[in-house]
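Quick heads-up: structures coming right below.
Each of the next two complexes has chain A plus one more chain, namely chain B in the first and chain C in the second.
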Partner chain A sequence: MGGLRARAAAARPGRTAPLLAGAGLAALLAWSWHGTAVDLPGLFGGEGMRQVATYVAGLFPPDLSARTWRDAAAGAVETFAISLIGSLLAVGLGLPLSLLATRTLLYRGILFEGRRPGPGARTARVALYAAGKALLNLLRTIPEIVWALIFVFMVGLGPFPGVLALGFHTGGVLGKLFGEVLEDVDPAPLEALQATGASRFGILVYGVLPQALPQFVSYALYRWEVNIRAAAMLGFVGAGGLGQRIHIAISLFQEHQLLTLILAIYAIVTLVDALSAYLRARLV
Partner chain B sequence: MLSVERLVKRYPTGDAALRGVDLEVPAGQVMALIGPSGAGKSTLLRCVNRLVEPTAGRVRLEGEDLTALGAAALRRARRRMGMIFQEFALVERLSVMENVLSGRLGYVGFWRSWFRRFPPADVEEAFRLLDRVELAESCDKRADALSGGQRQRVGIARALLQNPRILLVDEPTASLDPKTSRQIMRLICELCRERGLAAIINMHDVALARLFVERVVGLRQGAIVYDGPPDGLTPEVLTTIYGAEDWSEARRRGGADEEEEEEPEVDEQRLAGLT
Partner chain C sequence: MARIPSAPPADRFRASGSRRRFPYLFTAVFAASVLFSLRAAQVDPRRLLEGDALGNVAKFVRGMFPPRLDGEFLGLMARPAIETVQISVMGTAIAVALGVPLGLLATSSLTWRGVLHERTSRTGRWLLGFAPYAAARAVLSVFRAIPEYVWAFMFVRAVGLGPFAGVLAIGVAYGGMLGKVYSEILENVSPRPLETLRAAGASRLGVALYGLVPQALPNVIAYTLYRWECAIRASAILGFVGAGGLGQQIELSMRMFQFDEVLTLLAILFVLVASVDVLSGRIRGWVA
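So, the complex of A and B:
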């Protein structure tokens, strides 16, 4: 009994660590709250709120004339197409790059327990990995909207720069995620395939990719859901789709058309979410 | 047929897993490699087909020095050594048939790997093997739909499809229940006999080893401390291999199993009813 109590007493000093961490976290939160100038009365009370309410009321009713309908439908189709082709381009870019960003395919892990690459070859492989990783980071850190500005400058206005923007940014995201999936596959079957005398390529297509594929599909579908929203925004910088029409509607104070376009975005985002959920259930 | 000479493996951490192992396995001999965890059994097997690179020493298969081979020649040599694993090591999402056919990956080229298309002769042989291990009806099932014993039989068929000269078998029954363990050991030994294959079988279960193999090699701390028939595994020898312990249980169970083994028909009828 006495022994137990002594041990409990000895254990007690360890409990100050979580307390300290909690206090630190609280301080960080308070500092961030202050730093971001959170102003709740300014948000919910006062003039701003009334102005927004007036503006929103002014949007009604939505313009359902045939011309606006056609315009919204065309914009929605274009946005859908941008998100789809952009996401496919992202997979096309991300998949090959992810192979470079996978250490276990290049220089370490179970495939390299036996014959190791010589020091020169190993350095080259590590460099290849670093280059792949750096390229993916570059693609990923530049936001879609900045890529869109760059590509509008390069290829002109329209949906095409939107596709490129989504492809490049999302390609960087998917490349990183795919690489993590590839590094995470169960190594045991890879060892077994290696023992049959299979080449690294055979092991990749027969052992690594089948294991990674369901997660690849899942990630790609998720990014497609993200991209449909992003595609709707890219139009603000001239990259086609609903965003471009919304930008015009706002600039020309066409409030009723604006509401129709916003409803179109809502519809198409819902549609893609449902489609993605359906495909995920079927494929994964 | 296989000869291991003064094999040493030191891991980069400095641990010596093998300290100069000499081992000769004649053609067609099925032997068990026993020893405590960490004795170097797995390392020894993997040094033979160089999944793990030996630090020093030689491994010869049918006269060819495996330790001197370059990458391409090593892959060709690995085709002659089938490997069977404790956790089966199947690609779970692929079908039974595809898993068996992966045993031919060392023989086929780039495009056939890419499209998973194998020559018709390979496919026929795969069907024959699946039939032999009694999994013919399951050939289109996904590997993760099978029980442990069935998965191990897929692993065995995969190894045999390589058309190997020797089987390297790593703890084939450690993930299986006692009954399935015996079925699997029996199957491996039967197949070795049918095809004149040699085999090195790593195992924990001394009693099971006594039942099925003609030769036992005991490994302790990376060195061979016993090499002889299963009958020679006296309590003193077991103590040398594993350290001090009461061995009557392992020895008695071995004896009891042997008696049971004399009525294989009964056993097989029960199995037929179960599977």
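So, the complex of A and C:
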């Protein structure tokens, strides 16, 4: 009884916990404020604000000449293409890898009741799971922009390395998320299938995947929204799209062109957000 | 990772014409956009195999080992690593400071619609409620649709190179996302407790404090923590545009072909991201 209560007290913080958390948060904020040289008074007081205002005023009016306009539109289309193909590549990489990163498909849970693999086979399957997880971690840890640098190094400049960068990083993210979905499916339908004598493959196809599919679509759409923003950034290291044009405009102090390109980013990102919300409502 | 709230289940049994045509239309449009995008993005897998591509990868991978782990280098990298964490904390703090007021204004049930406003006149609702609501939505949409690195670029121009520009960039971009999600959480609370409080004669502030806040707070905290996890990744990347942190070091080492340093920096980044994930998951477990 005493042990139970002690455990409950440890799991649910009492009255002192909010105070402690508040003090910890305050200390964390003070430490970060100091370390990042935050200067809000400087920003809002006279000089800083005037600098920002001058800079913003200098952006106007946006350059709407036919040449800039066409350039921005071409950049937006390229960015859109990079994000779409990159996200599809990510699904193509993440889906098979997620099967490796799902314990319930490899060595434990309902699929293996009564048909337990031998000790050797089980070790091999656990190793397979560990390898799948490690690979996904590797893909996910390396940020898109570092992947982009690697692929630019490999295949040269242009939007193609951007596609590969998004595909590899997002493939790692989706593989992890898909694996979690696969482990979380409701076991009741799987048990029903197993009771009718369905094979493991049958249970996977008719029991697990139909439950997981809506979540897969939802996650893929969510990552597409992340990727349209990332695709606009990758241009920065020479991987095409609006980012490359923005980089040039900033380096050459072409402020009016810059504003046009920022408007193009705003338009394409808002469009993808809306499309994704629409598809989520229709498909999921 | 936070679960993305999924849309309410659609009525799958309604057999209207548009519903039946949708799968065909969707497949056709989807196939066309993919084919078009493959061309526009100049996708050509052969380029992965031709010329020096594989040789370059081999050079890169060989260069990474052994990673550079001497005390001098690790000592030098401690400062940028700490800075990356600090940028993420301060950036998230500013995002909350921007997201809370804008999110409250962008909540229709607080500003102009629903149980709190049943007794307000029409013009009053329009002028005092709808106008600020629409303005807040517009501001949030601009904040979040412009990616953080573009903000970082502009803040580097405005306040100079260094971590402060990164803090402001994350603060503005994530402030836009937090504000939107806060308003969605507030709009989706159950209206029953609010109606009960109203019927019991509670003031508007009372309804908001005792009806809205307790329902919304756990979700608000969970989502804010999730954004902090994203912010640590973002703050590492912003270094690429001169906004401090680890990214700047990764870029430098990449440009100098010091791949052994790149591997060490990526490992440091992995440890930072993983620790923040664990810490944030722990806190979320307490709150939810």
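A few remarks follow.
Just so we're on the same page, the second predicted complex is superposed on the first by the 239 of 284 C-alpha atoms of A that agree within 3 Å, B and C clash if a C-alpha of one lies under 4 Å from a C-alpha of the other, contacts with A are read in each partner's own complex, and residues count from 1 in each chain.
The rule is simple: a residue touches a chain if its C-beta (ideal position, glycine included) is under 8 Å from a C-beta of that chain, and two chains touch if they have at least 3 such contacts.
Treat the numbers as computed from the prediction; the structure is a model and nothing was measured.
In the superposition on chain A, A:E78 contacts chain C only, with no contact to chain B. By the touch criterion defined above, A:G172 lies against neither chain B nor chain C after alignment on the C-alpha atoms of chain A. Once the two complexes are overlaid on the shared chain, A:Q211 sits against chain B while remaining clear of chain C.
In the superposition on chain A, A:A195 contacts chain B only, with no contact to chain C. In the overlay built on the shared chain, the residue A:V269 is in contact with chain C alone; chain B does not reach it. Once the two complexes are laid over each other on the shared chain, residue contacts for A:G235 go to neither chain B nor chain C.
When the two structures are aligned on the shared chain, A:Y219 is found in touch with chain C, with no touch to chain B. Once the two structures are overlaid, the count of chain A residues touched is higher for C than for its counterpart among chain B and chain C.
In the superposition on chain A, A:E113 makes contact with chain B only, while chain C stays out of contact range.
Across the superposed pair, chain B and chain C both touch chain A at residues 214. Contact residues on chain C toward chain A in their complex (touch as defined above): 1, 4, 6-7, 10, 22, 26, 33-34, 36-44, 47-48, 53, 56-57, 60, 82-83, 85-87, 89-90, 93, 141-142, 145-147, 149-150, 153-154, 157-159, 162-164, 166-168, 233, 236-237, 240-241, 244, 247, 250-251, 254, 262, 266, 269-270, 273, 283, 286. If you check the complex, the residues on chain A that touch chain C are 12-13, 17, 21, 28-29, 31-33, 35-39, 42-43, 48, 51-52, 55, 77-78, 80-82, 84-85, 88, 137, 141-146, 149-150, 153-156, 158-160, 162-164, 176-177, 180, 214-215, 218-219, 222, 229-230, 232-233, 236-237, 240, 243, 246, 250, 262, 265-266, 269-270, 273, 280-284. Across the interface of their complex, chain B is touched by residues 113-116, 186, 188-189, 191-199, 201-203, 205-207, 210-211, 213-214 of chain A.
For chain B in complex with chain A, the touching residues are 46, 49-53, 71, 74-79, 81-83, 85, 87, 89-94, 102-108, 110, 113-114, 116, 155, 158-159, 162, 168.
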